[in-house]
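Okay, so subunit A shows up in both of these, paired with subunit B first and subunit C after.
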Partner chain A sequence: MRRTRTGWLLLSPTLIIMFIFGLFPFIYVLLVGFNDWNPFSARDGLTYIGVDNYRNLVFDNLFLNALGVTIRFTFFAVLSELIIGFLLANLLARDFFGKTLFRIVHTVPLMIAPIAVGAIWRLMTIPGFGPIPYFLDRWFDVSFNIGTSSDQAFLSILIMDIWHWTPFVTLTMLAGLTALPREPVEAAQVDGANRWQIFRHITLPLMRPVILTTVFIRVMDALRTVDEINMLTNGGGPGTSTRTLGIHIFRVVFPQTDYGYGSAMSLLTLYLTIVACWLLFVSLTQVRRNN
Partner chain B sequence: MRTTKHWSKLAVLVMAFMLLVGASLTSAQDDTTAWWAEAGAQFAGVTLRGVSESTPASNYVKDVLAPQFTELTGINVELETTSWDQMYDKAIRDMEAGTGLYDFVYIEQDIIYGYLANEYLVDMTQALADNPELAAPEFSFDNFTTFVDYFKNDEGHVFGMPMEAFVKIYLYRTDLFEDADIMAAFEAEYGYPLAPATTHQQYTDIATFFTAYGEANDLDLWGTTVQAASGHPSSFYEFFESVAPTFGVYNWGINQETWKASVANGGEMNSDAAKEALAWWLNNLQFAPPESTSSTWDEVAASFAAGRAAQGLVYGENAAWIATDATRSNVVGNVGVALPPVEPGVMEAAEADTGYIGYYDGGAFGLPVSSQNQQATLLWLQFVGLPSVQAEWAAASSRIVMEPTYDDPLVVAMDEATNGYYSLMQDQGYLFAGAPPFPFHPQVREAVAPFIYRAIAGEITPAEALDGAAAAAEAELISLGYGS
Partner chain C sequence: MSEEKELISSSIPKHEVPDRKGFLPINANKFDRVFISIVLLVAIHLLWMRFLEAFLPIEIATAISVVLSIFIIWKG
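The block that comes next holds the complex of A and B.
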């Protein structure tokens, strides 16, 4: 009995902090999501409206557009980072001239704050001044304007994210590769397996936990990307072509001060993120079990 | 001999008089300094925190006025100047939650109605009446131009200390417009003399001409600026506050009696005139520098200052530095100012006070109810509103909130340097108007703006954009409890 009491006593600071900074805001947002609350409304305070905010979300074109942008962005960004990061990790697992320098230079983007990354890419892509539009025009006669072309703007945010986060994938993959046991590879070599077979049947299955963890982290990060895209495309433009869920929620909650609707949107996004990660986890572990 | 004696006496008298005047002036100045020191003594060491948009006027407050005030009173002032949207986010969040983080906040004229409706601000008139010992002798709300009226409630009480006021003006390059060869070429092509445009067609002609001129002469020169960032509210503002009124579409096209925006419901947001205005504005993009679709108000001023546009609508707060600061501007000495081009009938409506031709922008510092240092802030805000600090401030950031400031030698000199920007504001400022008194300003803007962004990107036509915008505005107004 006494041991239990001491245990709770020792746990209590953590539990209190978790309640204040984790559970309480969640419950608060949950409750606000069932209300109509805009301080600039003609009505005072909160008005309970049940699940109307959630019902409206299903028919909200801007929200659905933001959801689509976010899914496309997450899929292409994470997939590209995974492939490039894995290839680079394999490269860095070997010895070659200038390896240390390459590794340092390659890791630099990871150290830059997202808002600064957005600013750097904005300066590089701004039409009229940026080097990217300038050289694309000069060398390839390509007109590049992220202020008017939705495709070019989307491509730009993808490349920026890949540039920023591939080093993270490379480092985690490299850690995984260097920690792999040598014995299975050596045994396969003795049995006459070629490099592709070793990669396909030994390296890849052994690396699966690392890949899974990396994908999880990157998917969750990509789903909530706000600052660098907001900075690069000036708030998700042109039109709403790069307005991700994070940017959309920001605009609804802050400039539009629609706290009720914004809360519902945030919670639905959280729910979708959890579902996406759960599906990803189940499918990957299922593949592992089948193997 | 006798005459010489008289002159000597006269000279002695004049010198004595001058000494007397000088002494009394010094004494008055000493009295003033003593008053501020005494009034501030009880708050010495207190730090007042404020947030404002990073504009020339606000930066002057941070860099010049705040240190002066601290020297006088011992009260520290920290002004955070940040981007326009960050400034609003921070200020509204602070006042809504009542955290008291900020002692003074920038209130742009268009947001005051929302702040008043939410009772975020201290009634300064009342506060000064309740604390006569804090009322500075040289300060009076009566010193301000009628711009102060925007910050009053129905009873005439002031809730914001005016700190900047300017008009969004038509700037043009005098070196290009007054070049004999260019003038001849223009007249030969269009059949009328080159001069600042008074109609939209003339504006388009000039834009077309200079874009072609830039291309033919391998210059980085285009016909016009366009504030058309395709994901930023600045494009919404350029259209609804600067372009639509010149086509006779006022107050964003929202009917203030029914709170409806569509023509079908008595509004004008998707009227033929509004659609024509949007089409005209978007058409200008082809004559604008390529950065225009990423340009907010700051970049438009920067593009014009870089010499990349022959003409454009630019916020007047930038006029002074564009025309005079050679460290930041390539067009020093070559800047002309004029009224924006308008459709027939619009100028007459503005003169009759039934319409307006553009945006009279400006802002004030408000004292949040949540401030923990209200009395010290009252002192600070009066200091910002003193007549004696106005002239240098006006010369540095082309903003004027008091009538006598126009006559100050510093401002007169700047007026010449800007080819008459200050005179234009003084004489014809009445043709411009501030934002409509909407308490739901950012909410409707956020609902409507995506349609403007999509029109800029060419995803939808101007007509589709404004039809969609009117419907979205009405839906948002209903959700906010306006109209039914």
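The block that comes next holds the complex of A and C.
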């Protein structure tokens, strides 16, 4: 009894902080999501409207477009980062000339703030000023303008995210690779397995928990990317081609001051993120149990 | 058999809810089953509002969700 009381006493600061900064805002947003609340409208205060915000949401083409952009962005960014990161980790696991320098240079993007990453890429992609449109035009005769082409804008935000976050994937993969036991690989080599067979049947299954954990972290991050895309494409342009859910919510909540609808969107985004992460988490824990 | 069961139950810490293999394709404890029920409840209501509310009232979705939730928590 005494031990339990001491445990609760020691936990109480964390629980209080979690309630104030985690649970209370969640409950508040949940309640606001069922109300119409625009402080600058003729109607003052909150007006209960039931599930009308959610009813409007499932027919809101701008929201559904932002959802589609976010899912596409998350899928392609995380997949690319995973493949490139895994290859680079395999490279860094070996010894070669200039390895330390390469590792330092490769990790530099991780140290830069997302808003600065957006600013750097914006400077690099401005037509008539940035080096990317200049060299693409000069060498390949390609007209590059992310202000007018939605495909190029989407490709730019993808490449920017890959550039920014691949080092993180590489580092986690490298940690996983260096922690792998040597015995199974040596046993396979004695049995005459080639490099592909060792990779396919030993390295990859042993790396599965590390890969799934990395995907888990990156998916959560990619689903809530706002600042760097907002900076690069000036709020998700051209049109709404790079407007992710985070940017869309920002534009509805702050410039339009539609707090009720914005809360509903935030909650739905949270719901989708939790579902996606839970599915990944289940696959991770089930694999661990099966192993 | 009873010794084995005793050994398993003694190896589970008291604060952990033991897993159970029901009709769900995963080993789910009570929290997992409640969570899956809430996720499905929200999904059914959103999809109903999008595709079926013009023909059928939302209360049917609520009834289906509640029945499904009870079934998942009970047998999942």
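The criterion applied here is as follows: the second predicted complex is superposed on the first by the 280 of 291 C-alpha atoms of A that agree within 3 Å, B and C clash if a C-alpha of one lies under 4 Å from a C-alpha of the other, contacts with A are read in each partner's own complex, and residues count from 1 in each chain.
The definition used in the following text is that a residue touches a chain if its C-beta (ideal position, glycine included) is under 8 Å from a C-beta of that chain, and two chains touch if they have at least 3 such contacts.
Computed from a predicted model, the values in this text were never measured in an experiment.
> Looking at A:271 after the superposition, I want to know if it touches subunit B, subunit C, both of them or none. Which is it: first, second, both, neither?
Second partner only, subunit C.
> What is the contact status of A:242 with respect to subunit B (first) and subunit C (second): first, second, both, or neither?
A:242: touches subunit B, not subunit C.
> Identify the partner contact of A:74: answer first if only subunit B is touched, second if only subunit C is, both if each is, neither if none is.
In the superposition, A:74 touches no partner, neither subunit B nor subunit C.
> Is A:58 touching anything from subunit B or subunit C once the two structures are fitted on A? First, second, both or neither.
The second partner, subunit C, only.
> Pick one for A:35: touches subunit B only (first), subunit C only (second), both, or neither.
neither
> Is A:166 touching anything from subunit B or subunit C once the two structures are fitted on A? First, second, both or neither.
Touch status of A:166: no partner.
> Of the two partners subunit B and subunit C, indicate the one touching more residues belonging to subunit A.
B
> Quick check on the superposed pair: does A:282 touch subunit B, subunit C, both, or neither? Answer first, second, both or neither.
second
> Find the residues of subunit A that appear in the contact set with subunit B and again in the contact set with subunit C.
Correct list for subunit A: none, the interfaces share no residue.
> Using the touch definition from the top, list the residues of subunit B that touch subunit A in their complex.
Residues 85, 88-89, 92-93, 96, 114, 117-118, 228-233, 289-294, 296, 308, 439-443, 445-447, 450, 453-454, 456-459, 479-482.
> Mind listing the subunit A positions that touch subunit B in their complex?
My answer: residues 36, 38-43, 62, 122, 126-129, 133, 145-150, 233-243, 251-252, 254-258.
> Which residues, counting only subunit C, touch subunit A once they are in their complex?
Counting only subunit C, the residues touching subunit A are 26-27, 35, 39, 42, 45-46, 49-50, 53, 58.
> Contact residues on subunit A for subunit C in the complex?
Listed in rising order, the residues of subunit A that touch subunit C are 51, 54-55, 58-59, 268, 271, 274-275, 278, 282, 286, 289.
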